[in-house]
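By written order: A, B and C. Residues from 1 in each chain.
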Amino acid sequence: MGIFDIYLLEALINGVLLGGVLALLSLGLNLIFGVIDVVWICYAELIMLGMYSMYFLYSVYHLPLVAAAVVCIIGVAVLGVLLHVLVIAPLLGAAPINQLLATGGVLFFLQSAATVMFGVEFKNLGMRLPVLKLSGMFISYSRLLAFAFALVGMVLVYLFLTRTYTGTAIRAISQDRQIMVLMGVDSRRIYLITSALGGGLAGLAACLLVLQYDIHPFVGLSFGPITFLICVLGSLGNFGGGFVAAFVFAEIISLGGLYSDLEWGYVLAFAFFIVMMFIRPQGLMTRRS
Amino acid sequence: MTRVLPWLAGAALIGLPFVYNSPYPLHILVIILIWSFAYTSWSVMGRFGLTSLGHGGFMGVGAYVTALAWNKAGLSPWLGIPLALVCAAALAVVVAYPCFRFKITGHYFALVTLALSGIVLQVITATRDHTGGSLGYTPERYQGGSSLWALQFGSKTTWYLIALGVWGLGLWIWYRVDRSMLRYALEAIAEDEDAAAAAGVHVTAEKLKITVLSAVMTALAGSLYCQYQLFISPDTVSGISVSLQMVFAAVVGGIYVAFGPTVGAVITIVLAEVLRISFGTRAVGYDNLVYGILLVIFIVFLPKGILGSLLDLRRVRRPAAPAAVPGT
Amino acid sequence: MLELARVRAGYGTFQALFDVSLEVRAGEAVGVIGPNGAGKTTLMRVASGMIRPTAGTIVMEGVDLVTTPPHRIVALGMAHVPESRRLFAGMTVEENLRMGGFMPAARPKFRQRLDFVYELFPRLRERRHQRAGSMSGGEQQMCAIGRALMSEPRLLLLDEPSAGLAPVIVEMVFDLVKRIRATGVTVLIVEQNVQQVLRVVDRAYLLKAGSIRASGPAAELLASDSIREAYLGV
């Protein structure tokens, strides 16, 4: 039983580390939904493009890692703005389902564009980061790094949202959209800034994920659905709820992966989600259609 | 004339393979018919605002359960398909019931269904020892080539007629729903759930009914596809791409119209074939690329789809009572 | 200062205002009274830019408000306290006030204005870090008015400030309006509570079913029959 304890602890820790990144992802999605009232179904695909850009910047063009990361983050932020301007803004008055479908179309488009441009072979940054050994447990350095930067990212966003006028306006607009004009807030500008922020967070997530995972056009499918489940369980638009739900899901995936294949971890997480809906429908969720 | 037209068209469709027997066009027609049926199945619930982005999951269940039952248990598809349908229905209930009971609608519901199809894909991949995972799965060929018991037929004509029949079944179901009390209940629910509940509509039950119907029909499409192609893989019959493709085709064709999904199927499949022929293997991904752009463009400019918009145009041409326009 | 001429406005196919004309001169306090559904809130919204009129002109000190982008109207010196307060319930009092001072011209003066508002409403200072949604109706109204004052407006629009408040609080609110007016702010109030508002304003208009039925000095209007007619239909 002693060996099991170590593996269990390792899985638990890895769960926390994974949770950090998932929390970052759900923050981005929640921001967009809370402010603009639209779900970017293609969010994971933005991250996928970010991962490809890291690959090209770092492995092909040999930019230093930090520079590549900065370019990546800015690049995906720009993508976010483009997405808003080209797809979301024309549909702001349309039925929510149409908005969803439009971003679904973008998902298709991005996956296929990646397939056409980069091919389906798996790519990798080729970085070999050390693995730390802590009292019998193996913790990958890249995971620790990802966790640390995810936390930093979230803290920065928190500070932005609470300490700046624009950030406060972003929080306000999600509570009462109509009266924002009365305070001199240009909603369209806020939407653009939020889209850039959401894109930037996706870019950051890409930098963190690329340290640990291979890159291919459909990599978004590995964490996209889970992010949606996290946000739904934590209640769309609820940053705190998403944060907590992220760690819960991460632990389930990690522990599930301990006893079996990684995929079963996802299945377990989904089953957990279904069960949670029965047990605590009021709990983390508010009912919004 | 318009009353006779559908019968004439029907007769023409049935008689077609006997007159024109070229295998490749027939193959395309079979594929179009099967997918039309799948897309129609989606729109049976999609038209009521219950947008599922997870129907790929049901199709996958239909295909894989049928194939696995045949290969592992020697179960004839005549038993395997009902089994698959039951599984799909069960899955639909397990996922949809809590959603409806706890008022998870709109965005939330779409996301949950999206996750569902992703999870089904994961299950198929995870059980790779049994299902072949992402490499795909082949139901064993019956030694004679054609067999009613094995539901495998060598003749494209036979498959064409079967597919035509199932497609007709789909349309029939669509019309039956259209004329039923269920439709009015669901439209009331779509407009204002609480008001409908106050009026005595059993919201959860009605929504569940249509969802199970839609899921079962989609699973049937999956089973049929499996029997026809005799090869299935997670990305062709399940997963997010398939789910989105269903929505795309139905939207492009027209959700609120019976033949809309069929029009969508014709467009998407012909498009895919054209691209495949023009670009060969380089076409991998191009068709989805075009779908993606078209989907966005359609949503923005033609949300009622091609058929829907055309029908709208026809309606506008007929003289209508002048709408009262309050003084501006 | 503010002039509406033959304004029409509504929501979709529903028209709420029919050829409404009124004016507010600098330094005045003007009231618009009328029964429920008269269009008073629509009037406020069209004046402050929340909705666009379908016809007519709205001019503030020579600037055409109809062609001005709505979010720039507050920079012209107009602030609107919406009906039912419309505070950002999930944010604190001070954050609500900060939003009031969002516009670039107001930001350098934030501290100043904050102190001004806290002096006017000492209760708000006590509750500055409290969630706005958890306060009583009267406190919320104070916060809403305070938020509008943060942009140092020269014209203040108040939409039914007495709605949902206990009579004692209503008195206090209208006393506050007097004090605000004393600092040089022009005020336009729409109200259902005739007694209270006619106490505080110089002139008033009577709005019923989207049209102005009567207007005049407050005392006159109070004494006339037109009000009783409008409200009770007799």
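FYI, a contact is a pair of C-beta atoms (placed from the backbone, for glycine too) under 8 Å apart; a residue touches a chain by one contact, two chains touch by 3 or more.
Worth saying up front: this structure is predicted, and the values here are computed from it rather than measured.
Asks: Farthest chain from chain A, going by the mean of C-alpha atoms per chain?
Replies: It is C.
Asks: If you tally contacting C-beta pairs, which pair wins, A-C or A-B?
Replies: A-B
Asks: Central chain, going by Cα centroids?
Replies: Checking distances from each chain centre to the full centroid gives A.
Asks: Starting from the mean Cα coordinates of chain B and chain C, work out the distance between those two points in Å.
Replies: Spacing between the chain centres: roughly 55 Å.
Asks: Centre to centre, by mean C-alpha position, how many angstrom separate chain A and chain C?
Replies: Roughly 43 Å separates the two chain centres.
Asks: Compute the distance, rounded to whole Å, between the mean C-alpha positions of chain A and chain B.
Replies: From the centre of chain A to the centre of chain B is 30 Å.
Asks: Show which residues of chain C lie in contact with chain A when the two form their complex.
Replies: Touch residues, chain C against chain A: 48-50, 69-75, 79-80, 82, 86, 88-91, 95, 98-100, 102-104, 106-107, 147-148, 151.
Asks: Taking the complex as given, what residues does chain A use to touch chain C?
Replies: Those residues of chain A that touch chain C are 165, 168-169, 171-172, 175-176, 178-187.
Asks: Quick check on the complex: what are the chain A residues that touch chain B?
Replies: For chain A paired with chain B, touching residues are 33, 39, 41, 86-87, 90-91, 94-98, 100-102, 104-116, 120, 217, 221, 224-226, 228-229, 231-232, 236, 260-261, 263-264, 266-267, 270, 273-274, 277-278, 281, 285, 287-289.
Asks: Can you name the residues of chain B that touch chain A in the complex?
Replies: 49, 51, 53, 94-95, 98-99, 101-108, 110-112, 114-116, 118-119, 121-123, 125-126, 193, 239-241, 244-245, 247-248, 251, 284-289, 291-296, 299-300, 303
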